[in-house]
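Please find one structure pasted underneath; my questions will follow.
A, B, C and D are the chain letters, set down in written order, and residue numbers restart from 1 in every chain.
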Amino acid sequence: MQIKLKLFSIAKDLAGFDEKVVEVSQGSVAEDVLESLIRSNAKFVDWKKSLRYAVNLEYVHGDFRLKDGDEVAVIPPVSGG
Amino acid sequence: MQIKLKLFSIAKDLAGFDEKVVEVSQGSVAEDVLESLIRSNAKFVDWKKSLRYAVNLEYVHGDFRLKDGDEVAVIPPVSGG
Amino acid sequence: MVQLTKNRIETEEVLRSVIAPESGAVNVFVGTTRNHSNGRRVTSLEYEAYEPMAVKMMERVVREAQGRWDVSRISVVHRIGKVNIGESSVVIAVSSPHRDEAFQACRFLIDRLKQVVPIWKREFFEDGSSEWSLQSHEQETATQAG
Amino acid sequence: MVQLTKNRIETEEVLRSVIAPESGAVNVFVGTTRNHSNGRRVTSLEYEAYEPMAVKMMERVVREAQGRWDVSRISVVHRIGKVNIGESSVVIAVSSPHRDEAFQACRFLIDRLKQVVPIWKREFFEDGSSEWSLQSHEQETATQAG
């Protein structure tokens, strides 16, 4: 199945892109997207603990089960205000 | 000796004036000005407890000793803000 | 900036007066005139001040706040004279490097202003009558000298 | 009013958007950009947002505040894109019949916004370099679903 992966801030800089349609296997959960990011840039390992995930504009835990067509965002520590 | 008496808000309305030079006897204290005001309008009796006094732009207790030339203000409950 | 003014208060200007390059947090309190008072419809208001003492007391509460919190700049502007419904009667702005201190100092300032600054509000009602708004003095905490 | 904007935030306009004839107290929080960060001189900033989610989260924290305090109107406006030093990055305004509730709700809103709204600040330094400002997530209190 396919998801739309969205990256922001430091995650975007590390990956070198801000949006990509990604093929993921059935049963994938939100934090699985990190594995492919780590393959593209090993520095993502250091960020593992401080990244959060949002699916379809809603924060989710790492074990949130994805479905086809989801928009999955990797959310580094926010710094608005 | 003479003081300058200044009235505001409800005190001004009750007395019918906002400023007057008043002759007071030596040894007068701030709240003594109320006595002459009560003579001019008995309604000042009802206000006695809620009035405060300022001498030369500074809050004082009722027993504050006046001196010649003081500016004495009668301060009804404030309602700024 | 501590000021009494007969003109509309420009919030943007008061805000600008406290912005400091090292202070990222600004808290602003704005008092606006309400259309009712104790169930009666208010059509306009008038503020009277014992002007030199009001300015002196506003400056004093500003110094009190500066002594208690790590704040950068403080401005207090109070309107006097006639004020229409929905217009600002007072604007207090506090900048600080820390938002917590900006909030606390601003809260303190409006509370103290309402206790000690000699300004009086007269409310005008639909029927043409008017009344001085008279809360009782909050004596316990008020500045007393003498 | 909940809004992301690429333009300067007009404080007066945000204030006007919350003024209600029955609510005399307005508390406003303004975040302004600072000229330093961890001892380094900052020359300008840029805010990036995950726009649809940022708006959704801003609306959510507004609803949370409305559920907890007796407030009349709330506006939250956050700047995105390039922001010069001393300009406002965020303006939050809360009107209420009670000043205590206006202060508390406004304080809550800026705290929650900094926790959950997906907006990121990039600071540009004198030497031309830039860095994302990265505090750690305040996970305990952040909104989590799923």
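Points worth noting:
Note that a contact is a pair of C-beta atoms (placed from the backbone, for glycine too) under 8 Å apart; a residue touches a chain by one contact, two chains touch by 3 or more.
Everything numeric in this text was worked out from a predicted model, so none of it was measured.
The chains other than chain D, linked only through touching, come apart as A | B, C. Taking the mean of C-alpha positions as each chain's centre, the chain lying farthest from the centre of chain C is A.
As a whole-number value, the distance joining the C-alpha centres of chain B and chain C reads 25 Å. Chain A and chain C have Cα centroids lying 49 Å from one another.
Residue positions 31, 110 of chain D are each in touch with at least two other chains.
Contact of a single residue of chain B with at least two other chains is seen at no position.
Under the touch rule stated earlier, the contacting chain pairs are A-D, B-C, C-D. On the chain B side of its complex with chain C, the touching residues are 6, 8-10, 13, 30, 50, 52, 54-55, 57-61, 64, 73, 75-81. Here chain C touches chain B in the complex through residues 31, 47-50, 52-54, 56, 78, 89-90, 110, 113-122, 132-137, 142-146, going by the rule given at the top.
Within the complex formed with chain D, the residues of chain C that make contact are 10-12, 15, 19, 21-36, 85-86, 88, 95, 99, 102-103, 106-107, 110.
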